[in-house]
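In what follows, a structure is listed as C-alpha cells, so that the remarks can point back to it.
Lettered A, B, C and D in written order, each chain numbered from 1.
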Amino acid sequence: MIVDVQSRPDVRGIALDQVGVTDLRYPVTVLDREHEKQQTIAQISLSVNLPREFKGTHMSRFIEVLNEHRGELTARTVKTILEQLKHKLNAECSHLEMRFPYFLERRAPQSGACGFMDYECSFVAELNGGMLDFVLGVQVPVTTLCPCSKEISDYGAHNQRGMITVEVRSVLVNGHPSVVWIEELVELAERCGSAPLYPLLKREDERYVTMQAYENPVFVEDMVRNVAAELQRDQRVSWFRVHARNYESIHNHNVFATCEWPNQ
Amino acid sequence: MIVDVQSRPDVRGIALDQVGVTDLRYPVTVLDREHEKQQTIAQISLSVNLPREFKGTHMSRFIEVLNEHRGELTARTVKTILEQLKHKLNAECSHLEMRFPYFLERRAPQSGACGFMDYECSFVAELNGGMLDFVLGVQVPVTTLCPCSKEISDYGAHNQRGMITVEVRSVLVNGHPSVVWIEELVELAERCGSAPLYPLLKREDERYVTMQAYENPVFVEDMVRNVAAELQRDQRVSWFRVHARNYESIHNHNVFATCEWPNQ
Amino acid sequence: MIVDVQSRPDVRGIALDQVGVTDLRYPVTVLDREHEKQQTIAQISLSVNLPREFKGTHMSRFIEVLNEHRGELTARTVKTILEQLKHKLNAECSHLEMRFPYFLERRAPQSGACGFMDYECSFVAELNGGMLDFVLGVQVPVTTLCPCSKEISDYGAHNQRGMITVEVRSVLVNGHPSVVWIEELVELAERCGSAPLYPLLKREDERYVTMQAYENPVFVEDMVRNVAAELQRDQRVSWFRVHARNYESIHNHNVFATCEWPNQ
Amino acid sequence: MIVDVQSRPDVRGIALDQVGVTDLRYPVTVLDREHEKQQTIAQISLSVNLPREFKGTHMSRFIEVLNEHRGELTARTVKTILEQLKHKLNAECSHLEMRFPYFLERRAPQSGACGFMDYECSFVAELNGGMLDFVLGVQVPVTTLCPCSKEISDYGAHNQRGMITVEVRSVLVNGHPSVVWIEELVELAERCGSAPLYPLLKREDERYVTMQAYENPVFVEDMVRNVAAELQRDQRVSWFRVHARNYESIHNHNVFATCEWPNQ
C-alpha cells in the first residue's frame, strides 16, 4: 500500500483558513432566467479549512467532487457540492469561488438588431458548519458621459466605456439563498450608466445611443450611488458592494468609486 | 468662471467608501535596505471617502499631490501624502495602494555568480482620522518539491515554481508604522520553500539547488505554516496573511493554501 | 435618410491591410473528433482589407455575418463566413482569428480516474481571392524534466510545467483545408514532453508520472525538435511553427525554443 | 568536472530558429531625447539560433551578457550585446526583444499643469551575420471621436480611448540604425487622433480637449492612414506597421485597423 503522507499529524499548531485547488478551467452549467440553463466555462477555486493537527489535504478529492456533478454549478447544487467537500475532506468549512462569462441576447434600441453581450460573473459560496453564504457578482459595461465636461464645454462631452461591478449577498430563506438573477443586476447597472452597451448597432441605433448618453451624464460617483440606492431597498439582499470604473477617454489612468453596505 | 459641477450638493444620502484614480503607472522611489533608495515603476490607486452631501470629488488633485512628491513613496512620505489628500479633498479618510517590482542582487550558492531577481511588492496605506494603517506585501517565487511524490516514488519527485505572498500590518510606534524591510520578507519566504530561485546559475549551482530541493520537500500547507510560525513571533507585526500557490508540474491547475492571523 | 459617412471617398491613397472588429467574446461550436461538436467560448477578430479609395468599413456587418451562423465556426463553415464578409463588405480579402479553450476527457495512467483538461486553441483563416488559408494552433501543457539537472545531480532533477504551442497550415485538397484534429496535435505534443499533465491523479498515478518524467528528461530544444520531426513527415501540413516554453522551477524567468518550417 | 550535456551532438537534423530566455524582468537604461537617459524596467527575451548538430544552448550565458552591460540597452549598446551573444553561444544569429514603459512629462494645453504620461515601447533587434535589424515600437493612447456618430446625431458624439501602435524599422547608415526617437513617434501618433491624452487636466483644460476632440473626429482607419502617410515620407524608415484600436464606448468589443509598408 502506498503511504498517505498528507494524513500524518502536524505539530506546528497552525490551522489554515483555506487549502485547495485554484485556476482550474472547467465547462459548467449555470441557471439562465430565460432559457433555464446556460453552458459556459469557469475559472474555479475549491478549498476547505485545515485543522492544526493535520499535515495536508487530499487535492484530488476536490476534482472528484466537481466531476460528480458534471459541472452543474447552480444555486441549487452549490450547497451539495460544499457539503460533499466538507465530508470527503473532513473539514468544518468549505469554499467555492468561480468566475465565468455569461451571455445575453440584446436588441438594438431602434433597428431591433440582435446579438450576444458577454458579462463577467462570479459566485463566492461558503459553507461554515451548516450555514451557507452566497455572493453573486456581475460586471456590467456601460457608456458613461462626463457631466462636468458636458457642462463646461460649448459642444461635445468626453465619454467612455465604464464598468460597474455589483456583488450581492443573498438573504437565506429556509437555509437557501434567495434567488437574485444575473439578468436583474445587469438591468439595474445598465439603468445607472449614461447608456447601455450593445453587441450590434445600425446607424439609427448609433444616433439613438449617442444622444441618450448625452442626455444622461453621470460621474462614477453617480453610478455607484444609483445602484446602491436600489439595492438598499431589495429585501433579498443582506449585503452588497458596488464598484464603478471609467476607462477615461482623456486620461491614461482610470477613475473609480466604491460603496459597501452595510459597512463592515 | 467655469462652474464646479463636482461641488454641488447630493441628495441621495449615500456616502462612498472610496472615490479616486486607479491604474496609474508612475515612476517611484522606495526604500532599499542596502542602497537606501531604489527607483522603480508602480501601479497606483489613490482615493478618499466621499461624504453623502457632496456630488463628486476632484480627480486632478490626486495627481497634483503625487506630483508634488515626485514619486517618493516610502514609509516616511506616505503619511504626508495621505494627509495632503485628506486636506485637499476635504475627506476624513484617504487611501493609497501601489504595486511595484523590487529588485535584489542574488548570488548563486556555489559559483557566486550574480544577477537581479525581481519581487512583486505592494503598499496598502490608509489614514483614517489621524491613525495610519500600513500593510506591506511581497511575492516571493520559490522552488517547491512535493513530499508525497518523493516518498511514494522510487526516484525523482515532481517540483515546480511556487509563489509565496506575505502581507504584514505594522505595529504603530509613536504613530509611525514599524519598519519591516522587503528584504526580510523575501528571506523569510525563501527559507520556507524547498529552495530559493536564482537569476543566474552555473552547472555547479544547478547541481546544488536540485539536491537542496530534493532534501527539503514541502507542501503548500508547509510553506504557509512555516512563514506564519515566524511572523507570529515578530513584535513589529500586528496582523498578517500568508498565501502560497504551486504551479503544479503534473496538473494544469494550481494548488494553494492561506492563513490569516489574527483571524478576523 | 441617415448619411453614410464610411462610404465616402478617401484621397490619401493608402490601402489598409485589415479593418474590423476584435476582442469580441462569443459562444461558438467547434468540431470534436469524439463527440462531433463541442460548445466553447471564443475571443474573435474579423476583418477585411480596405482599398485606398474608401473612407471606412461598416463594422456592424461583421457581427451580422457572425450571428447568421449562430457561432458555428468549424473548418466547414469558415470558408462561407469569409466569403460573406468579402461580399458584404466589398473586399478582396477577409480574415478570421479566434482563440478558445477546448476540453478533452483524460484518464489517469494507473487508476483510470477521469477529468477534463483544457487546451487553448486558435484558428487563423484568410480568404484571399478564392484561396483559403487555414492555420490551426494548439497549446499543450506538459511536464518537463531537465536532462542536465538529472545527470549532474546525485538525486532529484528540477522539473516544471512546460507549454508546447503547435501551429500547422493545412494543405488544400479541392480547395478545402485537410483536416488536422486538435486531438492529434495534443497527443503529438504530449509524446514530446517528459510526461503529460492530468486533471486528476490518485497516489498510484502520481508515483507513475513522477517516475515517467524522471525517465524521459527533455530540454525545450528537444521538445521542439521532436514535434517538428513528426510534422515534417505529415502530408497534410504545408507549414508549421513549434514553440516550447518552460516555466523554470529554479529561475524566475522562462526558457524557450522555436522552429518554423519551411523557414520563410 | 561536471559533464556538459548541452554540448553533446544531436542527430535529428533539425535546426532551431531561436533558443533562449524570456519573460525576464530587468532594470534597464534607455535613451531619452530630453534627459539623455531614462531608467525603466523591461520584459526581455534573448535568443540565438541553434544549428542542427548541437543538442542545446547554455542559458546562463544570456544572463551573463545582460549583466555585463548593467542593463544599458540603447541603440548604441544593442549591437555589442548581440555580437557577444553570437560569440559566447557560437551562433550565426542573435535576437533581442524587450518591452518597457517610457515616461514623458506632458503639459496641459491651457493651465500648463504637468505630469508624467507612460507609453509602452518595444525594441526588436536581430544580428544576422554582421547585419543589424532594428525595429522600434511605441504604443500611444489617444482620444478618438467617431465622425459617423457626430454627423448623424443632433448633439454629442461617442468617443473613447484609442491606442495607436507604431513600429518602424530603421534604415542602416554605416551599419548603424538611423535614430528615430520615441518622442517623435509619440508626437506623430498624437497628431493623428482626435486629441492627445494627458496625465493632469484642470477644468479649463478639460473644456479645451473636449472641444478639440469634437472638432477632430477620426475613424480607426483615419488614424492609421494619417500615421502611415507621414512615415512613408520619412527617409530614416525602411518599413513600418501601424495598428490602431478603439475601446468603443458603445460596444463591448473593440475595432481596429492596420497597415504594413512595404507590404511583405
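Just so it is clear, a contact is a pair of C-beta atoms (placed from the backbone, for glycine too) under 8 Å apart; a residue touches a chain by one contact, two chains touch by 3 or more.
Everything numeric in this text was worked out from a predicted model, so none of it was measured.
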Chains contacting each of subunit A and subunit B, listed by label: C, D
Interface with more contacting C-beta pairs, comparing A-C to C-D: C-D
Option reproducing the contacts of A-B, where over half of them reappear, out of A-D, C-D or B-D: C-D
Most distant chain from subunit A by Cα centroid: D
Centroid spacing, where centroids are CA-atom means, of subunit B and subunit C in whole angstrom: 35
Centre distance in Å when subunit A and subunit C are each reduced to the mean of their C-alpha atoms: 29
Rounded Å distance, subunit C centre to subunit D centre (Cα mean): 25
Junction residues of subunit C, two or more chains touched: 2, 25, 118, 148, 152, 199, 201, 203, 207, 252-253
Complex contact set, residues of subunit C against subunit B: 117-118, 141, 143-146, 148-149, 152-161, 195, 197-199, 201, 203, 206-207, 209-211, 213-214, 247-253
Interface residues, subunit D side, partner subunit C - complex: 2-3, 5-6, 10, 12, 14-25, 45, 47, 50, 55-57, 59, 147-148, 151-152, 219-222, 224-226, 228-229, 232, 245, 252-260, 263
Residues of subunit B defined as touching subunit D within the complex: 2, 4, 25-27, 39-41, 60, 63-64, 67, 101, 103, 113-116, 118, 199-204, 207
